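The following pair of complexes shares a single chain, subunit A, combined with subunit B in the former and subunit C in the latter.
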Partner chain A sequence: MTERWPFWAGGLALAGVMLLHWLTVHRMMSVSSRFSAVVDRVRWGRAEPVEALSPEELREALLAATQAEAGVGVPAPPASLPVPQEGIRPPQPVSTHLLFLGGLGVGGLLGATLSGTFSVTTLLRSSELEALAGGSGPGQAALLVGGGALVGFGTRMAGGCTSGHGLCGVSRLQPGSLLATAAFFGVGVAVSFALAGLT
Partner chain B sequence: MFEWFSLAASLEVWKTNYCRADFTRCARFEASARGRPVAPNLLPNGSLLRKPGART
Partner chain C sequence: MREKVFVALVAVALGFSLNRIGFSSWDEVHAMFLFSDLRLFLTFASAVGFLAVAWIAVRRVSRPRWAPRPIHRGTVLGGALFGLGWAIAGACPAVALVQIGEGQLGALFTLGGVLLGNLVYSVVHERWLRWDTARCDT
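The block that comes next holds the complex of A and B.
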């Protein structure tokens, strides 16, 4: 099997993975933020543990902190204050992030192996990118590394990637995610046309 | 956290002190500007939201 899945099957599969993640982990699925968390851990070391708070505990703690800040009695925040329904939850440990990121690689490897398309190569298989980087391995590797760095910069700046914004944010009609997804897909289409024009 | 402060008048003091005034002293802004991860329980004054009754 070397053909790509039809678009609707790919969409359903991605939605299924996202839903499965939500039902089992009770968190929005994200990839770039997991990578950021690993980098943050390497760069800044172990962070102070975050204590889990229920919504009620969160409202109470918020009231106490606000009274301490204001120095006078302040009315309690309304019970309808839209704090997250899960309250505050500690971030997942780095080992979980590494397991998830490793699973992406293993899943890709498994898919390629089962479909009989797995092979090890140092060259890209795209005529457009070959035209851009030449036929040499180092040139193409530099292009990949540069592209990866730009993707990392963009997703960090936008606060999410195609999984966080595109799948989870858009499905919840989050304005920022709609804008971010429109921006990075729009630029992707424009760059594709530009590369096609170069060849 | 900013949206919580925006949706309850009783939490206005946070916006007054750390958003409209000198926002560079907001601990959340400071951490973010330095590229550090911002803890979900970090308040603008640098203290942490903890379980009621817990020692700070």
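The block that comes next holds the complex of A and C.
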């Protein structure tokens, strides 16, 4: 075990990173939303930039999106209703999302290298996970794919993960974030005790 | 371009911090969930505390437009499924990438799973659910 940061230093670092993201990128940090954006880009292709649309096209696109979300029975808004021009922020391009996700890997590489713990292993470096998988490589891979799929499904369903809900939402006392965070920490504790009973 | 530089720097700082805290270690995450080592819980709680103070300061000097994060029908079930996956794979979405950077190539399976689960939910949502999950990044 290598020397870890004391809790207050780790807390300061995480809070600093979230604050820095808001101050420089002007968006709340949300890692799971970036995954969603990458997945949507693969599914739907490149989105037309908002600036390139006429007000009529924008109105039609907003109506289509509303109907996709709320059902096709939603009537079109009257033509006199102004299309909102302000407050629509163009989404970041997929290259920015990939840069962020790649940056996380570079950060992990830096941390491991500077602390002298870098090494390449085909599986996770965890004696407990190894025991859980019965010492089998394919077993561990199956656990990781299955666990990862639950993480991807659940974070998109809840609309956030540890960064967006857990840190940025809870620190602003947002009700959805408080409840989602209680749910994922609560279930994480319960399942970990169950897994510890298995091994 | 400026935004891309900031995004990259923040991401590297987050990945580095998660590694140095130990959030990217399956065993240490489980020591947290089993209450056998409270350091990660305290790290998380103190980060929330520091951030709460930071947001108060931000509100003092500007009027940020933050999207509210209301409770919706996917909040509890989505959070619970995420907690289940986190306990099994030992990774939240960011950590899967940090683990790959550390040379723990098994996390490529986790990353594939996260992308797959995200894709499956987007299809399920469109076909059957269609509730507003709100967004984190505004």
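Throughout what follows, the second predicted complex is superposed on the first by the 156 of 199 C-alpha atoms of A that agree within 3 Å, B and C clash if a C-alpha of one lies under 4 Å from a C-alpha of the other, contacts with A are read in each partner's own complex, and residues count from 1 in each chain.
Note that in this section a contact is a pair of C-beta atoms (placed from the backbone, for glycine too) under 8 Å apart; a residue touches a chain by one contact, two chains touch by 3 or more.
Small disclaimer: the values here were computed from a predicted structure and weren't measured.
Peer 1: More residues of subunit A in touch with subunit C or with subunit B?
Peer 2: Counted on subunit A, the partner with more touching residues turns out to be C.
Peer 1: Between subunit B and subunit C, whom does A:Met18 touch in the aligned arrangement: first, second, both, or neither?
Peer 2: second
Peer 1: For A:Asp40, is the partner it touches subunit B (first), subunit C (second), both, or none of the two (neither)?
Peer 2: both
Peer 1: Quick check on the superposed pair: does A:Leu62 touch subunit B, subunit C, both, or neither? Answer first, second, both or neither.
Peer 2: Touch status of A:Leu62: first partner only.
Peer 1: Considering only touches as defined above, state whether A:Leu98 meets subunit B (first), subunit C (second), both or neither.
Peer 2: neither
Peer 1: Just checking: does A:Ala70 make contact with subunit B only, subunit C only, both, or neither of them? Give me first, second, both or neither.
Peer 2: A:Ala70 sits against subunit B and subunit C alike.
Peer 1: Let me test your reading of the model: by the given contact rule, A:Arg4 touches which partner, first (subunit B), second (subunit C), both or neither?
Peer 2: A:Arg4 sits against subunit C, while subunit B stays out of touch.
Peer 1: Once chain A of both complexes is superposed, is A:Ser127 in touch with subunit B (first), subunit C (second), both, or neither?
Peer 2: second
Peer 1: Report, in rising order, the residues of subunit A that make contact with subunit B in one complex and with subunit C in the other.
Peer 2: After superposing on chain A, subunit A residues 36, 40, 43, 68-70, 89 contact both subunit B and subunit C.
Peer 1: Within the complex, which stretch of subunit C touches subunit A?
Peer 2: These residues of subunit C touch subunit A: 3-4, 6-22, 24-28, 30, 33-35, 39-40, 42-52, 54-55, 58, 64-66, 68-72, 74-94, 96-107, 109-122, 125-126, 130, 132-138.
Peer 1: For the complex, give me every residue of subunit A touching subunit C.
Peer 2: Residues 4-8, 10-22, 24-25, 27-36, 38-40, 42-43, 68-71, 87, 89, 92, 95-96, 99-112, 115, 117-129, 140-141, 143-177, 179-189, 191-193, 195-196.
Peer 1: What does subunit A use to touch subunit B in their complex?
Peer 2: Contacts found on subunit A: 36-37, 40, 43-44, 47-48, 50-51, 53, 57-58, 60-66, 68-70, 74-78, 81-83, 88-89, 91.
Peer 1: Touching residues of subunit B toward subunit A in the complex: what are they?
Peer 2: Subunit B reaches subunit A through residues 3-4, 7-11, 13-14, 17, 35-37, 39-41, 43, 45, 47-52, 54.
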